[in-house]
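Per-chain residue numbering starts at 1, and chain names A, B, C and D are given in the order in which the chains are listed.
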Amino acid sequence: MLSQQELITLFKETRKDSEDICSYLETEDYVVQPIVDVSPPKWHLGHTTWFFEEFVLKKYAESHKLFDKNTAYVFNSYYESVGDKVIRTNRGNLSRPTVSWIYEFRDYVTNSMLELLNNKDLDEEALGVIEIGCHHEKQHQELLYTDIKYILGNNPLFPKYNEQFKENPIQNFKKDWITLGEGLYEIGHKSDAFCYDNEQGVHKVFLCDFEISNKLVTNGEFLEFMEAGGYQDVLLWHAEAWDWVNEHTIRSPFYWHKIDGEWHTYTLNGLVKLEPEAPVTHVSYYEAFAYAQWKGMRLPTEQEWEASQDQFEWGSRWEWTESAYSPYPNYKKPEGALGEYNGKFMVNQKVLRGGSVATSARHTRHTYRNFFHPQLRWQFTGFRLVK
Amino acid sequence: MLSQQELITLFKETRKDSEDICSYLETEDYVVQPIVDVSPPKWHLGHTTWFFEEFVLKKYAESHKLFDKNTAYVFNSYYESVGDKVIRTNRGNLSRPTVSWIYEFRDYVTNSMLELLNNKDLDEEALGVIEIGCHHEKQHQELLYTDIKYILGNNPLFPKYNEQFKENPIQNFKKDWITLGEGLYEIGHKSDAFCYDNEQGVHKVFLCDFEISNKLVTNGEFLEFMEAGGYQDVLLWHAEAWDWVNEHTIRSPFYWHKIDGEWHTYTLNGLVKLEPEAPVTHVSYYEAFAYAQWKGMRLPTEQEWEASQDQFEWGSRWEWTESAYSPYPNYKKPEGALGEYNGKFMVNQKVLRGGSVATSARHTRHTYRNFFHPQLRWQFTGFRLVK
Amino acid sequence: MLSQQELITLFKETRKDSEDICSYLETEDYVVQPIVDVSPPKWHLGHTTWFFEEFVLKKYAESHKLFDKNTAYVFNSYYESVGDKVIRTNRGNLSRPTVSWIYEFRDYVTNSMLELLNNKDLDEEALGVIEIGCHHEKQHQELLYTDIKYILGNNPLFPKYNEQFKENPIQNFKKDWITLGEGLYEIGHKSDAFCYDNEQGVHKVFLCDFEISNKLVTNGEFLEFMEAGGYQDVLLWHAEAWDWVNEHTIRSPFYWHKIDGEWHTYTLNGLVKLEPEAPVTHVSYYEAFAYAQWKGMRLPTEQEWEASQDQFEWGSRWEWTESAYSPYPNYKKPEGALGEYNGKFMVNQKVLRGGSVATSARHTRHTYRNFFHPQLRWQFTGFRLVK
Amino acid sequence: MLSQQELITLFKETRKDSEDICSYLETEDYVVQPIVDVSPPKWHLGHTTWFFEEFVLKKYAESHKLFDKNTAYVFNSYYESVGDKVIRTNRGNLSRPTVSWIYEFRDYVTNSMLELLNNKDLDEEALGVIEIGCHHEKQHQELLYTDIKYILGNNPLFPKYNEQFKENPIQNFKKDWITLGEGLYEIGHKSDAFCYDNEQGVHKVFLCDFEISNKLVTNGEFLEFMEAGGYQDVLLWHAEAWDWVNEHTIRSPFYWHKIDGEWHTYTLNGLVKLEPEAPVTHVSYYEAFAYAQWKGMRLPTEQEWEASQDQFEWGSRWEWTESAYSPYPNYKKPEGALGEYNGKFMVNQKVLRGGSVATSARHTRHTYRNFFHPQLRWQFTGFRLVK
């Protein structure tokens, strides 16, 4: 548990990071929502701010005056138990409040929070909610990157976000495979540092022998799968995946473009030639699974990943696992609105482990459980194999 | 036909008007597209500019350099024969080009056009296309008003566009009904002033006796229909209208809101109390028809409207007619891309006559044929009755 | 107006005809509904029977006992004002009542009707409703043919309905074009024989000079259009038509199949080779319009068709006209449920004139106005040209 | 492994059972497909027959003549690797082949199979495929019951299938809860009797302490949840479940009807009053989960169910578990078309354990893994709780 002083540092750094990420944007980039999974950047900035006003200031800062009575309605995301909300598909239809209004709202709430944190001794519950609020904003920082990438990468003009942004690290690892023996392993978050409810409840699992790859699958390897007709071989795919591949004419990872016979990929640094040694990214679980089938291997379960992760490097991609997102044994959903944070998504989603180039510095750990629907590709998703 | 000098005046006035309309907007307001029928204001500004570059400068200004090679793709609307285009539903997903880029594009093309108009004697064909380009931009000015109204009126914050904007003129007419006798009437555009292809081909029609109302149906009258259960009486509605009413739970004209028991309506001047003496607006053809059924009357045909229009005042609302949008006898579709302007819409739409508070000063006449799908309501649409 | 005795003959003949049409079916053929526009044959048999029980027996046969209290619910089609109904898309999901139950229901109602007609002097109103009931059933006989054709022609086994059924008459006409001069013509139903409300109200129209083809466009002519790339040339199509062509990959008239390089067409007599001299059929209005554009001609209006029809042969195809389906001047919608018969469809549909190989003997006349949505093709629809 | 003689018995019994189930149907009941999840009974009868002709007779009966070359196309279900198939949604649109044709097809294939089985010594592979074919047909027998129930229960006339059919057994158990201690348990199919690939690969799992209910949740208990507002309390539901509840206005288990203030349920024996002591059925996973949340308990995992099942009675309902359908460790997908049997469904589905009143006598076992999407309700699905 962080001290109040440490929390002030975390809070300030977090608030600043969100604004730094957006500093490369034009006003127009803050507004649009090209697909339902993407939110307008201005919405992320407002929503993370609303969280602090709704769950901290309203409760713990007695004399706090709301910045505006309509903010809750506009910036609530999915807390069904906290009043009405703008339906998700409508976010990109709202030109107001404006970007400059939102920055004023941010400043107002940041200052009110700092006044509270600097002048009042807060109890554990309050400190806990503030810490969650910081981690919540860090999650949205990752979404800011991926949503901005979608907004710009979906544009026929392929504008650059930031020329300095490096997306495609090459992996130079000596070792190929890591072996673990069958037996009992402990899974779940152990320290008293911050974690989400879905990581809690340390428990044993029994794993069979397995070998896990030290390297993520690369662009070059995935290209071999494509060239071998992987997207056309029904026997490699789940039934729902096959429908998806055909309905959307999926023939390559997302953001790949063949230009004059050569594969390029859109990155936050603009369109670049495909780097064969870099880990493949923007693939769905379906594609990761089909690739593994083609290699005669499989994806790791999240337990296998967690048990072996200290032996390999990770952090450049969120990695798909074979595991469906389910509660751990003895999972306890928090009371009240914050109970909506994780538990209600525990169906029809796959767990991802790791972290990506878009992940905030302090925002991943080996027990972190990310989750997405199996067909989604706009996150920085890759995968490693198990045999 | 306008002289080249008159055309310069028309062109300059037209270009300025579009920018004046947008001068009340925030940057964010230029970007969004809340429904497919609405286009982002920045798209209108770019598209009307692209029209002059594509159809005039490329052809008649030999040394013209394109402002940017990607503009055609982004700003083509429906000219299928002029290359690819951004599909209509995707317009609101594009944050780039930015608003300031578009204003630079406008300036560049306006200046190039003026240079051409001031320095070269243009032939009739060229002058004709430029005149169409001005009228085309005036059409988009009307759409700018209605699309801006939708963008702001759809926003839960109901921002005002312009406090000075007057939407709801009251009609103080002595006479109620105007009578025309049966006989032959001439329909179609006769002078050699500008008109669209769909107005051409003067021809005779035989009309039976009819009486047409001097006044548009008012808000107060429409409220009586609502209170009499008009929206619930299946026998008043077309079959497709009844499905529409029920699927969308239509219970009042668009932009009407009942607040604390009192009817309000969103206008470009913000939310205001309903004015019972003002003509009703933002009704679909379906609603106009149902109202007429309920009164035991009917809507005029476009021929009846044109034959009688010089006896009544019009211009505050586009008026629904009973007429489907069809070609006049001997209708000739122009050759080439401009042939796509009108003819291809001549199915499943209803003709509107008149003009509205959003219509540009020189942009209506008694032969003008506007047309929309029968369920649409975001235009300033009203109606008058015939018995 | 028919005498009661003539009506008995009409009634008996009509009831028998429906059953004769179905005598070629297997029980399973009575049940399915492959698209929403098609109704299961058993539904047609039940619905036309329900009409007589609901609108005649219930009102005029005092002691009539309903065959079954649930029939109204199952067999009501679109009379919204007469209680609930099975929604149209659900008709093909109902295995009960069975076919044999429906034949019992038919016998019961036919006998009750004959008892009424033979034993009681009915007033004009009653006789009028019975005559409508007969014509209503004749309309459904045409739908029986076209729906049966869809049911069998949609089946990958292409079963034959009846080996004797002749669909494709060849036209051997000397004269090509018929000329009419400009002037006033009278339109509408004049005799006191039966007609629908939408044909009534004789009125004058002024027509310009035109020439109308003596022949319907043939399969061979339409094939030339296809081979000239007609389906790929955007400038020939309405905007909505172009979307339809591309969304459904329309490349030929409905029921055409290219087998081993040769065009075949499914008919009620099974798959046969395309007959180039026979009139083309199963084309939409959109395709008829595009063909006319390609020929530099146009479709007739319904007034032109009616004014010239006595000079050409018709009756092998329903013919698309350019006219939208609208009320005639002074159209009066009947009171009550029967008022739902025609008027409520007068939007977004095109008028067809003529009659087809599926039309019942006494069920067409030169004032008859059929109507369908412009994209529909399962009727026996063809067209002739005007220049 | 069954001997060839035992297999003959199993085969004959299986073929007869399918036909016995259908013996209560009218011809029309064999044809319809009211929702995509339901197949027409005649399709089940044909498909299970096609399986034997495609995978056994074609391969092992050298001189076998196909009954009809089109059967494969019509009766293939999901074996994408075995040629074209009728898309699932189109099954209910096919009136041909007729029911009597299908019975001839069945007789032909049954006789050919018996000739093969009686006159040739088959190798293990062949015997294995035939055994799978029998179990495959038993699976379809269960679907026959549930699909017939949907076909009749969806009909507004609520026809009875069979007056003798008992759906709602009452549970009279002394013990309420069964306790298992933490430790290693073995999961998976051990004997050499028949099982599917997805049950194979015996492996250890570590389970924490848990208590599992001896009884399935009853209608009466579920009614308490309904009356306490369970369907209206967002905090009890998954996010996707909440959307589902609201989009489809779900307010009770499927087949429940409130008539004159009293709850009834449609059963294969017609509409009956709700039996409070019988286990609830036709609930989705979402509803089972929400009920468990409301009770402060949870659903068992499939491992917990398998580890404890020998201590409780089961078999009257398929029971939802918390487990997503995933491969067991070391799962091996069979080669070729039969490899499509199970593996390709291992995403977005939940495992069910147990068996129901519709399950064929020899067609369940404690390792059997059924699976459905979480929102489906037309199977006989219930649940028990864990705390």
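Simple rule for what comes next: contacts are C-beta pairs under 8 Å (C-beta built on N, C-alpha and C of every residue); 3 or more make two chains touch, one makes a residue touch a chain.
Labels paired with UniProt names: A, B, C, D = Ergothioneine biosynthesis protein EgtB.
Everything quoted here is computed from the prediction, not taken from an experiment.
The chains in contact with chain B as well as with chain C do not exist; no chain meets both. Averaged Cα coordinates give chain B a centre that lies 58 Å from the centre of chain D. If you average the CA atoms of chain C and of chain D, the two centres end up 45 Å from each other.
In this assembly, the C-alpha centroid of chain A lies 37 Å from the C-alpha centroid of chain D.
Among all residues of chain D, none touch two or more other chains. Taken as a contact graph, the chains are arranged in a single closed ring, with each chain touching exactly two others.
Per the contact rule defined earlier, chains pair up in contact as A-B, A-D, B-C, C-D. Taken together, the chain C residues at the contact with chain D in this complex read 26-34, 42, 70, 73-74, 86, 90, 92-99, 151-152, 154-157, 159.
Of all residues in chain D, those touching chain A in their complex are 78, 80-81, 184, 203-208, 234-235, 237-242, 285-286, 289, 298, 322-324, 326-327, 329-330, 339-340, 344-348, 350, 374.
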